[in-house]
Amino acid sequence: MDGMDAARGAVMSVKELEAFLTLEFPQAFGPGKPHHVESVGRNVATVRLDADESHLRPGGTVSGPAMMALADVAIYVALLGQIGPVGLAVTTNLSINFLRKPAPGPMFADAKLIKLGKRLAVGEVGLRGPGSDELVAHCVATYSIPDRPGA
Amino acid sequence: MDGMDAARGAVMSVKELEAFLTLEFPQAFGPGKPHHVESVGRNVATVRLDADESHLRPGGTVSGPAMMALADVAIYVALLGQIGPVGLAVTTNLSINFLRKPAPGPMFADAKLIKLGKRLAVGEVGLRGPGSDELVAHCVATYSIPDRPGA
Amino acid sequence: MDGMDAARGAVMSVKELEAFLTLEFPQAFGPGKPHHVESVGRNVATVRLDADESHLRPGGTVSGPAMMALADVAIYVALLGQIGPVGLAVTTNLSINFLRKPAPGPMFADAKLIKLGKRLAVGEVGLRGPGSDELVAHCVATYSIPDRPGA
Amino acid sequence: MDGMDAARGAVMSVKELEAFLTLEFPQAFGPGKPHHVESVGRNVATVRLDADESHLRPGGTVSGPAMMALADVAIYVALLGQIGPVGLAVTTNLSINFLRKPAPGPMFADAKLIKLGKRLAVGEVGLRGPGSDELVAHCVATYSIPDRPGA
């Protein structure tokens, strides 16, 4: 376990998260894949998307489905950072608002858990492009957490 | 127009907002009514609910519908603070997550516009009880803005 | 238990639901109160709102918060019809779209459960005015169900 | 224009929709691509996803992002069927509930417009697997429609 991340308040480090996600979402994470965990901390995580052709709309901007997938996984990463590598947590609800046309380039998703209960977790996430704080999309999602011994 | 609020970046002051809302929502705002504009600023506003019997569930906690109404109006106030007294802006979509049972006492709604477009505005709002930063509910809502000359 | 309702596939009759809701939501249900259970059946329920002054906007149309409250309770009634008088089921998420300005008069909420799981139930509901099938609002909500012996 | 579809109340036929979508979403529609317009009618459309490896989770079930993309495009197709080939209609809000684990095989999205206004359209969509009416997911989305001459 990476001490610096532990100091930041997460039970998994960036490296541990990347390794777990490479197994669980082999199409999204891993060498040559577009998603990357930028940072993790107490109830927060940032995930970066280096969009390739499959994520782009004609015109070169990131597609809506690619943004939904990025938002979803960013909250999931923030959740993993708190409860550890639980592969069975599932999204039950996701609501997203598309706010602005993104500029070309990498997209960042800053996720924050606003509730971490025994059975449900809720997170919100803002998506932004490179070099701007303006949100291109904002998303709130709920995850169902499997029963955990001792939780 | 209240100079301090103007300095904070809103085109209406707390007093002007209260006066407008008393006319538009006479059941919610005005002398003896439960909703109060606490503050307004650039893209933000805070509204307080002093819950009375009609807002409470058996047990004394604020009801879900009372929280939805509070969240809705707080974003509306933040919007009025930016576009002025436009009575015809209407909520088109509202999504709320109920996170924790609120403690008894006044409830505060901190609203922030995350998009202010020509036709649509989107805001998010956190609801919290007295003496705690923990959110009891989180809401995102969209408003349709009528055509404005010059906008 | 009312045999006809049982035949329709609900474990509580309209009368039993009204009695339970009068205790649980005394401001909304009961003699002289605006909400009424119209019907209940297998995974469905219809609730009627006879709007009074407190539910109306200037101009005489039903307010957004009154519609949210009606939608919420209609799904709750459909849920009670399946799992029985469980006072502790709570709304965790509610998302509503306001579609048209309602005509004056009673409003009807037709709710349908689209999932009834062990821990979560999800329902959708259409709100319509008198004498028209056009929806004035459409809502989807999730309820957390407390642990039930044998469920 | 395909007469049967016209008779069903849409201004574009399945063939015309497929041709338009192949240009607009070349990754999703066209020869060898996974999405197919099954049918279109007055305010409704059904789209089929023949999931390939990129849409599957380990275990062989369709991933959440693939379901979100399918739901989004199905409502878009129902909208195109009413307003014609307007490439600039954009999703502004999408809310989805994941209800059940899908069975392996093609997935169908049955979309229905519940509002078609001048500036906004709202649709709901149920996702189901092969050979079952049980919904695996349910989604509601809003689209912003560009100004149309004469609309």
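Note that the chains are named A, B, C and D in the order they appear, and that numbering of residues resets to 1 at the start of each chain.
By our rule, a residue touches a chain if its C-beta (ideal position, glycine included) is under 8 Å from a C-beta of that chain, and two chains touch if they have at least 3 such contacts.
Quick caveat, the model's predicted, so the values are computed rather than measured.
Trainee: In terms of touching chains, how many steps apart are chain A and chain C, taking the shortest path?
Mentor: 1
Trainee: When chain C touches chain D, do the two copies use mostly the same residue numbers, with over half shared, or different ones?
Mentor: Homomeric contact, same residues on both sides for the most part.
Trainee: Would you identify the chain whose Cα-based centre sits farthest away from the centre of chain D?
Mentor: For chain D, the chain whose C-alpha mean is farthest off is B.
Trainee: Looking at B-C and A-B, which one has the bigger number of contacting C-beta pairs?
Mentor: B-C is joined by more C-beta pairs in contact.
Trainee: What is the distance in Å between the mean C-alpha positions of chain B and chain D?
Mentor: 35
Trainee: Per the centroid of Cα atoms for each chain, what is the distance between chain A and chain B, given in Å?
Mentor: Chain centroid spacing, chain A to chain B, equals 29 Å.
Trainee: Report the inter-centroid distance (CA atoms only) between chain B and chain C in whole Å.
Mentor: Whole-Å distance between the two chain centres: 26.
Trainee: For chain A, what residues touch not just one other chain but two or more?
Mentor: Only 92-93, 95, 97, 142 qualify.
Trainee: Applying the document's contact rule, which stretches of chain C touch chain A when the two form their complex?
Mentor: 92-93, 95, 119-120, 142, 144
Trainee: Can you name the residues of chain D that touch chain C in the complex?
Mentor: 95, 97, 99-100, 114-115, 122, 124, 126, 135, 138, 140, 142
Trainee: With touch defined as at the start, can you tell me which chain A residues reach chain D in the complex?
Mentor: 24-27, 53-54, 57-58, 64-65, 68-69, 72, 90-98
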